[in-house]
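Okay, so chain A shows up in both of these, paired with chain B first and chain C after.
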Partner chain A sequence: MGKRWFMLRLVSFALIRRKSRVAIAFIAIVLGVAIVSGLADVYYDIGQKMTRELRTYGANLVLTPASPENQPYLALHEISGIAARVPPRQLVGYSPYLYGIVETTSHQIVLAGTDFSQISRVSPYWKIAGDAPDKRGQSALVGEALAKKLGITAGDRLELTAEGGQTAAVVVAGILSSGGKEDNLVFVDLDLAARLLNRPDTANVAYFSIATDPAQLESLVRSLKTEFPTIEASLIRQVSQAEGRVLVKIQSLVLLAVAIILLLTLLCLVITMVNITLERRREIGLRKALGGQDQDVMLEFVIEGAALGFAGGILGWVLGLLVAQGIGQSVFHAPIAVRLPILPLAIVLATGLAALAAFIPAKIAARVQPAIVLRGE
Partner chain B sequence: MGKENYALKVRGVVTAGGDEDKQVFVPLAWLQEAVGRQGKVSRLEVSALTMPKNDLARKAEELGPDALSRQEFETWYCSPFVDSVAYQIEEVIPGAWARPIRQVAESEGAILSKVQLLMALLALAATVSSVLGISSLMGAAALERSREVGLLKALGAYDSSVIWLFLAEACLIGVIGGAAGLIAGFGLAKFVGQNVFGTAISIKALTVPAGFAIAIGVTMLGSLSAARTVSRLQPARILVGSYTNG
Partner chain C sequence: MVKEREKHVLLELKEVRKYYENVHALKEMSLSVEQGEWVSIMGPSGSGKTTLLNIIGGMDKPTEGRVILDGVDLSSLTQKQLTEVRRDKIGLIFQQFHLIPHLTAVENIMVAQYYHSLPDKPEAMAALARVGLADRAHHLPSQLSGGEQQRVCIARALINYPKLILADEPTGNLDEANEQIVVELIQELHHEGHTIIMVTHDQDVGKLADRQVHLEHGAIRSVLTNSYS
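Let's look at the complex of A and B:
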């Protein structure tokens, strides 16, 4: 009892009396753990964050009828059934398209019916000059190349006549520019297109934008193939492969940077602990001269180091959350997911390293003859 | 124009997940010959290395390049923005209509700027932890020499000259360490370039002075606090050996 009480007093006095040196070591531990644990959070979340950022590429999965000869259309309820199969957190958006030929007063044009509310999610790269179309207003978007050819500008009225004689009048809300095949189409609301083309509740194709890694996407495609045999689900390779490559590069770059920072920080932590222990060689000598046992002296130093590391590990982890959220907000404008397993890892790492960094110099100092240390060599 | 029959051999099947899946690909020169349009193409796809859009590029996109002032137009024209590349293609090929493929151009810009910001923050974190490491090392090295400082002061050195001595040494160490560190850093950049991107990373000339400045600044800062502590000590106490830290 007495001995243990004495040890507690020694440790607490050593920490309290030498405030400035202990503070330096403590700050080193806290900052080190904060940087490393914060970056670890960022590293583990980067895949998910970048996958979502990469959705600016637009759709990465396309649904088409499995046998176009027998059944050239997809049913809308099947498309929404597949949308329900994708985890809601991963589904960025999906838009069905129904295509058909209609006539304006002068030309034949290709009409595409779609859900306008999904454009900003599935095709964020479209540039619309003019207003965004609203669903109920019978409005249309005209592709830039077609608008140039027919001399259409935003605000014009278009009279559309389908093969079966159905007619509709739409107002051109905006001119769409994508640099792709969309530049030659006229887009209207899906319901309007279905009525005009007499194809209720159908679509030719549906584009899905799903935020998940390429491997998961592949397995989703495989399971869709068995569940919905009438629908052909395929990955848009241009998008999904480019994404996979970019993701791997970013991840390995971040991993490398985090590893270097981890090494640097741990080195700094160890150096600081070794320093504050080496400074107390004379104290060790004095304790030995007064009859202190080597083990007791070393134990005290190890407990001191461990206590410092433990407290620093916890505080550093808390600060690390701030580091991670700071990076998350400034880079991705979204919070970084907190991984609790990093907390025990941070504590164990900080405690163990601080104890080890105190133990080795204390052991060397304890081996020295008290007389030599005390004389000041 | 009469119909002609040609026999072609299918050499492979393309899967692209796009419109290409519904097309047949043949050599361009052969098709030009077959349809009697020698030297003609109906569409040209260009893959260009461009830089992400900045405010100037956005202004040119919103208002059109003609709305830019003379100086802005020159900057815009000479920068590899995707829109200015398209503009120049239209100039070179009369009658052509060049438009950026926005799916690629827009997303590249967005992702590139995120990655650059992320790497900048990582570099900042690395700098903070190196500063911590270097200053704790330099501080320890200065404290170890307290006896030498005691002797200097006993022989009549001023506090300020002790501090200047330490700073001069730190400066020298910073220069030598900075040079070695820069060489190691270039090696690391080369390694990363080869392993992550498969190409060499171009080395900016600015990193050399910046690297030296950081190395010298950090070592001097790290030794300054320790040098001040040491220089304030009483020489007699240090030399007699009764000095204990804390």
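Let's look at the complex of A and C:
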């Protein structure tokens, strides 16, 4: 049997058959790696998660005609052209709005045509009592204040007549409350509004929700100005700037936590390793009495530590995934992306730290005198 | 036949002294041991027996004097060289057996092979068979009786063909039956030509050796040579 092979067997026996002794060191490694690699997962994902999270406050970019007195409408193809300029991963959603006056049997009201499928993305804070509207059903959303005024509830039918005499019948799917001007409007599908108002392929305004940092948004706005001179692009600023600041703060907090946990883990490891080595003084003395050189004995202890770290690194990484998912679900209500490169990093880190932690007791081991075995200390 | 073999001095102590801070553990001790000889070291507790064995085995260094083992002056060696001497020339038998608790009997013997040269399981198994423990090879020390542990310890001491076997109270922790087995093993080793230095409290065991060296207060009080050996 080869020397190295036997040494690895000695190491594995020392770990496996002394389970209860090495358990604390092992648990320290596993928990340390789990928390650190879990936080690393969160750290990398947090930028995206945070900007997405803040997008629930609604749009952060708005498009309007540059000179409304000459040309009060945006062309739909221009809006979709601008949407195509935003990287798909960053584009949370966008919705054009077309406004006009229509009449019900009793009142004049403001009609807004929009893309219902984008509501949850661009205006996630809208509260809808009843069903979400759907396009084919010719359904409408009626603002809360207006519904009260007209005495309308979900399920009612509305006959709408435009100035030009075009008519449409819609079913009220739900009542909308946003706390803003929307509470006084009737929302229908954009195509239906375009037909009623006789304004095909146009909109008055378009709201965009884009998940990116403020600096990138500003450069997007600048380039849109030159590419689309007839369109005014402006940022809804307060939210975007707060995003950046909060993100930096949270990320440095995560880094600090990682550093502290690493330090504590290392400390706990060194103390435990020193203790379990001191317990083995007699065995160390014996090994030296049998002819083991200091560096042989030291190497064995360092490899024991490294092996413990290796196994703990893998297990800790797996546990870290759970930690990350736990944080993802409880804080962001979304899974955290698994970053495989963290696995080798976790293994190398854990192996290195555990070997380092074993080095100090290995030094102690090397100092044990073989004479103690006869003395029976 | 008066002389069965060439007389050859394996070990020579010349005016060895050992101080531990202010304790004078050995006082100017001189002793020589021939190849194949069995010497028992006797004396009251604290008389310096273990100190002497540690110095002979290269586990401790004398404060003064010279220890010449197999032609090599141990007092001039570095720690590393002393370790090599222990590895190559010394077999150790302990009162407390000192088996590594998480290794089986055969693995304990292989550890000695591992530090010496290469672990060799069949040979380690043969060594166990020789002390009558072939069927105990895969037991942990905690699963063995004291006598069995001591026999594993003896098998380990012999595994690398040492020039000198040092035993510190090898029967000190054993009941009578096991003491008998271990004494017989040591006698066998002696007949095979091994050189043995054995510390013992037991008069009857000590008498079996070729020579009995009695220590008192770190010095040799008397030496008794058995005429029949």
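One rule holds for everything that comes next: the second predicted complex is superposed on the first by the 261 of 377 C-alpha atoms of A that agree within 3 Å, B and C clash if a C-alpha of one lies under 4 Å from a C-alpha of the other, contacts with A are read in each partner's own complex, and residues count from 1 in each chain.
FYI, a contact is a pair of C-beta atoms (placed from the backbone, for glycine too) under 8 Å apart; a residue touches a chain by one contact, two chains touch by 3 or more.
Worth saying up front: this structure is predicted, and the values here are computed from it rather than measured.
Novice: Under the stated touch criterion, which partner chain does A:144 make contact with: chain B (first), chain C (second), both, or neither?
Specialist: first
Novice: Quick one: classify A:370 as touching chain B (first), chain C (second), both or neither.
Specialist: second
Novice: On chain A, which partner's contacts cover more residues, chain B's or chain C's?
Specialist: Looking at chain B versus chain C, the one contacting more residues of chain A is B.
Novice: Have a look at where A:283 lands relative to chain B and chain C in the superposition and call it first, second, both or neither.
Specialist: In the superposition, A:283 touches chain B and chain C alike.
Novice: State whether A:188 touches chain B only (first), chain C only (second), both chains, or neither.
Specialist: A:188: touches no partner chain.
Novice: Is A:268 contacted by the first partner chain B, the second partner chain C, both or neither?
Specialist: So A:268 only meets chain B here.
Novice: A:296 contacts which: chain B (first), chain C (second), both, neither?
Specialist: second
Novice: Could you say whether A:10 touches chain B, chain C, both of them, or neither, answering first, second, both or neither?
Specialist: After superposing on A, A:10 lies in contact with chain C but is clear of chain B.
Novice: So in the superposed three-chain picture, is A:31 touching just chain B, just chain C, both, or none of them (first/second/both/neither)?
Specialist: In the superposed model, A:31 contacts chain B only, not chain C.
Novice: Can you list the residues of chain A that meet both chain B and chain C?
Specialist: 17-18, 282-283, 375-376.
Novice: So in the complex, the part of chain C that touches chain A is made up of which residues?
Specialist: Touch residues, chain C against chain A: 50, 53-54, 57, 59-60, 79-80, 83-84, 86-88, 92, 94-96, 98, 100-103, 107, 110-112, 114-116, 118-121, 140, 156, 168.
Novice: Okay, in this complex, where on chain A does chain B touch?
Specialist: Chain A reaches chain B through residues 17-18, 20-21, 24, 28, 31-32, 35, 38-39, 46, 50, 53-54, 56-58, 62, 123-127, 144-145, 148, 177-181, 183, 234-238, 240, 246, 249-250, 252-254, 256-258, 260-261, 264-265, 267-268, 271-272, 275, 278-280, 282-283, 323, 327, 330-332, 375-376.
Novice: Spell out the residues on chain A that touch chain C in their complex, using ranges where they run on.
Specialist: Its residues touching chain C are 1-3, 6-7, 10, 13-14, 17-18, 282-283, 286-294, 296, 369-371, 373-376.
Novice: Show which residues of chain B lie in contact with chain A when the two form their complex.
Specialist: Where chain B meets chain A, its residues are 15-19, 61, 97, 99-107, 110-111, 114-115, 117-119, 121-123, 125-126, 128-130, 132-133, 136-137, 139-140, 143, 192, 195-197, 240-242, 244-246.
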